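Lettered A, B, C and D in written order, each chain numbered from 1.
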Amino acid sequence: MTRNIQVSELDRRAVEDQQVEIVERKGIGHPDSICDGIAESVSRALSQLYLERVGKVLHYNTDETQLAAGRAAPKYGGGEVIEPIYILLVGRATKTYEHEGEVLELPVDSTALAAAREYLEENIPELEYGTDVVIDVRLGEGSGDLQDVFGEDEVQVPMANDTSYGVGHAPLTETETIVKEIENGLNGEYAAENPEVGPDVKVMGKREGDRIDVTVAVAMVDAYVDDLDAYKRAVAEVRAYAEELAHEYTDREVGVEVNTADDYEEGSVYLTVTGTSAEQGDDGSVGRGNRANGLITPNRPMSMEATSGKNPVNHIGKIYNLLSTATAEAVVEDVDGIRDLQMRLLSQIGRPIDEPHVADAQIVVDDDIDVADIEDDVTEIVDEKLANVTEITREAIEGEISTF
Amino acid sequence: MTRNIQVSELDRRAVEDQQVEIVERKGIGHPDSICDGIAESVSRALSQLYLERVGKVLHYNTDETQLAAGRAAPKYGGGEVIEPIYILLVGRATKTYEHEGEVLELPVDSTALAAAREYLEENIPELEYGTDVVIDVRLGEGSGDLQDVFGEDEVQVPMANDTSYGVGHAPLTETETIVKEIENGLNGEYAAENPEVGPDVKVMGKREGDRIDVTVAVAMVDAYVDDLDAYKRAVAEVRAYAEELAHEYTDREVGVEVNTADDYEEGSVYLTVTGTSAEQGDDGSVGRGNRANGLITPNRPMSMEATSGKNPVNHIGKIYNLLSTATAEAVVEDVDGIRDLQMRLLSQIGRPIDEPHVADAQIVVDDDIDVADIEDDVTEIVDEKLANVTEITREAIEGEISTF
Amino acid sequence: MTRNIQVSELDRRAVEDQQVEIVERKGIGHPDSICDGIAESVSRALSQLYLERVGKVLHYNTDETQLAAGRAAPKYGGGEVIEPIYILLVGRATKTYEHEGEVLELPVDSTALAAAREYLEENIPELEYGTDVVIDVRLGEGSGDLQDVFGEDEVQVPMANDTSYGVGHAPLTETETIVKEIENGLNGEYAAENPEVGPDVKVMGKREGDRIDVTVAVAMVDAYVDDLDAYKRAVAEVRAYAEELAHEYTDREVGVEVNTADDYEEGSVYLTVTGTSAEQGDDGSVGRGNRANGLITPNRPMSMEATSGKNPVNHIGKIYNLLSTATAEAVVEDVDGIRDLQMRLLSQIGRPIDEPHVADAQIVVDDDIDVADIEDDVTEIVDEKLANVTEITREAIEGEISTF
Amino acid sequence: MTRNIQVSELDRRAVEDQQVEIVERKGIGHPDSICDGIAESVSRALSQLYLERVGKVLHYNTDETQLAAGRAAPKYGGGEVIEPIYILLVGRATKTYEHEGEVLELPVDSTALAAAREYLEENIPELEYGTDVVIDVRLGEGSGDLQDVFGEDEVQVPMANDTSYGVGHAPLTETETIVKEIENGLNGEYAAENPEVGPDVKVMGKREGDRIDVTVAVAMVDAYVDDLDAYKRAVAEVRAYAEELAHEYTDREVGVEVNTADDYEEGSVYLTVTGTSAEQGDDGSVGRGNRANGLITPNRPMSMEATSGKNPVNHIGKIYNLLSTATAEAVVEDVDGIRDLQMRLLSQIGRPIDEPHVADAQIVVDDDIDVADIEDDVTEIVDEKLANVTEITREAIEGEISTF
């Protein structure tokens, strides 16, 4: 078997070298990201349930979580949720499994609810389950098509049953890196020390030439903010942190603004009870926010695929979006001289998914390099990643890879 | 003011002396009782919320909880819930309160959800909230009619705004006592020692002449029952306990049967994961089970009123049903020679509720007594209970009185 | 086989002769009755579906419809519904049927929804389906126990699987008759001529000695009422109609009041967009209103059973409540001299339901009659009704008998 | 005022000239498109309601419709829906409006439900409302920010309150045109003559060099398909129609395949009761399918914005996505020599939306043309379209422009 891997020069400038660049990341507490996160955690839980009970992953897709915003009354020192956020888990799953004449009932709904609850408790800790948020479930019976693909027997590569498309890129531009790192930092080390920073952090980066403007919106948690002065201090500290972090990744000029919609005169600030705007007025759903690589990058080709919640064993759109990004990253890590790599995977119906119709690595090289010089190295890495396509499945099931 | 209190001879035999008597009690874990319990706990929580926030109880009624059964797979040693029980809190409540030009938002939905959750955790402890049961809420905006009735200012007696009716009786017959005590005992001291007994205990008593037959249905909790032998032992022990308890309250002949629908040959037993039949197949709603005195007594007049969840400040049906029972009990405690007392209260629209259209005490006296002899004593007690009608409201809000 | 039929003298005065009597009927447009009506129409539709598809009625119970009130803005000449009424159909039904190795899927949910919609369109015609009311469905899978009871094969009498109780009476007292006839008349001939009268008619009758007071609450439909004067005229005409009707059934003194809660000064009148209070603030559920004979009669023993929506083939509570009433009526029609007949049926677990543990006809006879004189006649009729118990099932399925 | 309009050469080949091109369109009956269509029809209905009642459009966003698939049993000649599709309308809307001291209640929920129903009846006619589909609504109270922007007073251009981005292009490539026209044709003239073609038509076009492969999936409506032979004929006719249509728009080689997942041996065909896969297994939500120009074009920059359901008066993402496409089309219509035009609009917070931060027209010109030659013409048209930005709002409200 020879895989159809094509390596060519990308017919545009590297995004890093374009005049205008826009990048966005919705943090884990953004209503759309909450839905992505729940959908993916439910997916993981179902995969694990199936592996545990029947030794292989059965048919499911849980990529349709819908969040309807609640109503809250935040106030300095601690307010309260008035009406709960409502989250509906939607999708398909296999609920019974027949084996040697016996019918096994699988606790699909309970497992999904438990996964969603645990996800929220871990990621949006200020949100009290059962009063601040109600989770309901409508998982229809799946089609029952089983996939003997990922389980106790030898792992087989599944067939593509759809024409689907995945796209990824590497390396991240400075602006992309900054947007991603600021969100990660605020929701990680910074929040650990500064509990007033809620998980609903949204970062928008705009670069024009050599100036990068970063706009950060942070849902402040009212219980940890005593008054307007404390709020202003919190905003200033976030700004300082973000600015410092940005400078670690660029020598360009950087401007950072935080919570620009605030109007102190009017007393209008971004204060929340739970650290997410879902508590008041912002609905959310799966697949509306970050792409599989964690960013929204309108300068680049993107897939519309909602990756989160899809079955990682046989859903080609999910696998190819995750794999194209992982492949691009692997190539860039090992091969020098690549300024921008765009990796595309297009499936071929009826063929194993490790044999795509085309695997297309388009590259902008550094000035002193020629694509032909690195073609073989690139091909080899792409080939190896395709050969190990089921590794993506394993990582998704074990939660080692993020989908949003 | 003179209250219209009538004391007369009841024109039938005491229920204790009738040939056939039927009595039923649905235990706290029965799906209908779960709804009653939740509805009443939500009512208490809202009363307390209003008292705390605005100093008086505002308009609400939360008497319409609906439970749709789940799906479970019990097994000896411990099974699991497959699909969660779905509980919908329905009713009306005042969500905003205007005071001196400011509008106060009241966390009605969150409070209701919290109360429901706490009620379940306390009373159906094996039911894991959020996986075994989903609670949603649809509380409409109340009509906004406020009642300056029960709060920080002096307590006023509200006006009757409806023609309504309450009925109670005392003393309990032997059969009634036995039915009530067996459920209380099993769900109290017995369950404390025997965790296999779930809260869904249903007791039916049937007396024909001097023979009392008691049928008990107990939802056994599978985690505490290792196998069929253990199950049989558990059933036998419940039977022994119930029988012994029954004999404390009667000298009549007593027969007790437990879980009569079991079929050991078929392996069909009353085994549950959570201790309630709501986990599989038994729906429930408010007002379909026990009357306000905790019993279903088809030999006696009963009110159709769903007492649980009604506003205890101004809902006449609730107040009169609780008050008629409390009054009957008070009379029987203080006045000797009463074999059966049926207390009826009928409201008079537009008059304070302590001045009913008629308060009607109908009595079967012991052979050696004449109703005329005790008329004054009875009247006095009834009068006093009416005068202190708001005491019922207080007891309901503080949870000192049960409604089911 | 000899059935255990007992005929005895009732140990109390006929209700007609008691000093105080209270009777109530919630009309078909009352929120509780809407739920009863929908539940029973769903039950009929499922019975018919099963008969048509598999030749017999399968397991189901659909007796748990919940209605959460909407929000409306009525005004003279025609207002509008703001938020829809929400109705949730809850219950169990058999969704698949295996026959000769093939699995037949039964459109249980669609059938239930269609039945509910048709019921509303026929009975609450001003309620526009899909905008004024949303109907959702949660019918769990039934236990799958089949009943070869009522279908294409010879009809068999089912076994009692529960201790259950039914009670009925005849004849109706004057007050009962008046209450029933006024609701029937207003919702029938009167509404046909006077479209301003909505189906939510509630009638309360109270008799003290020889004075009958009737209170009627009628939800007026705003599109047919131009202004306050027109409203007053409508109220006056209902009063006149009800009063005239009442005099057809009694020589006692009668007072009628209509919409007593109105306050013309305040502009507070009982005006609705759709003819039911469910549009604004009044929730409803099954089994909270009229008993199986269409009345609420606290002077008499009543069953707590929610008859509407229960499976008419094998649900003993439903069958015995309908049968006891039908039997009482049949006896009174054929046997002279009965002033009050109370018919009770008590099931015997494990026996065919035409062989109750006891069928107990308690009678108050006219002064010139002795119970012993009519005992044989009564027994014969009761026996015949029991022998034809499945006739009740047929009537329920074909909608010839009302359950509320 | 001078608008910041930039015209430059696009630094890549025209998509028409790239080696590989992928284009997709989900037809109006696809579950995601159903959600888009409902969301947008609800948006139009609310805009019109507000204009009619208060003379201007109030705050709302209804861009979160969620569809949970039903369950159906299609069969040749006509099958049936077993479990209804469940659609939940989610979003925010202003429910009350205070004007001169009076509070006006606005029938937001009823209007949304009516719009959704009418949309379905018109576009998915085989779907019987109320049995095949249940629609519920959860529209939270909007923030109450009013926009005096579009109404009876002079129309004002609103301020940008967010950094947002819109992108459009023109002309369509051959592949894009073919994909769009096939869907339009099948759902238009073809379906009018061939009722077996349901509205759930999905078209995928893939061009490699000069070969275009089109894959069409059509949900056939079972009532109009008598047997497998008829089905095969229907598929063949769709193929012939699509192929002929394709050749109208290209001279390239074209291959068309229809319903490629069918397996006639297994009897597995794409047969439906209602003409949409939402009846069985395929969930949907807003913003997951076509972009604002009706296509999914991974070769081009796309916005993640879910345009459908957003408020067309003040939602910058919606306006800029629609406007960039309309502008690109207008430029290409008037200016010769443009092979590919990519139009981007980036908002500037706090400035009127007709003054974007940058309006960026990137062009690939024909070989014989220079960008500088047409710069002025392009600038003029872009300027005019921006000046008339509120025209987009008007068209969206009146339904003259599609969002998906």
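Heads up, the rule we're going with is that a contact is a pair of C-beta atoms (placed from the backbone, for glycine too) under 8 Å apart; a residue touches a chain by one contact, two chains touch by 3 or more.
Since the structure is predicted, the reported quantities are computational estimates derived from the model, not experimental observations.
*Asks:* Tell me which chains count as touching both chain C and chain D.
*Replies:* Chains touching both chain C and chain D: none.
*Asks:* Compare the contact pairs of C-D with each of B-C, A-D or A-B and report the one sharing over half of them by residue number.
*Replies:* A-B
*Asks:* Hey, which chain ends up farthest from chain B, C-alpha centres compared?
*Replies:* Measuring from the centre of chain B, the most distant chain centre belongs to D.
*Asks:* Taking the mean of the C-alpha atoms as each chain's centre, how many Å separate chain A from chain B?
*Replies:* 50
*Asks:* Any idea how many Å lie between the Cα centroids of chain B and chain C?
*Replies:* Distance between chain centres: 25 Å.
*Asks:* Distance from the CA centroid of chain A to that of chain C, rounded to the nearest Å?
*Replies:* From the centre of chain A to the centre of chain C is 56 Å.
*Asks:* By residue number and range, which residues of chain B touch two or more other chains?
*Replies:* Touching at least two other chains: 71, 83, 86.
*Asks:* Residue numbers of chain B touching chain A in their complex, please.
*Replies:* 71, 73, 80-84, 86, 95, 105-111, 113-114, 117, 129-132, 134-137
*Asks:* Quick check: in the complex, which residue numbers of chain C touch chain B?
*Replies:* Residue list for chain C touching chain B: 11-13, 18, 20, 22, 61, 63-64, 66, 68-71, 83, 86, 88, 90-92, 138, 140-143, 161, 163, 165, 167, 204, 206, 215, 260-261, 281, 283-289, 291, 296, 298-304, 306, 344, 346, 349, 358, 360.
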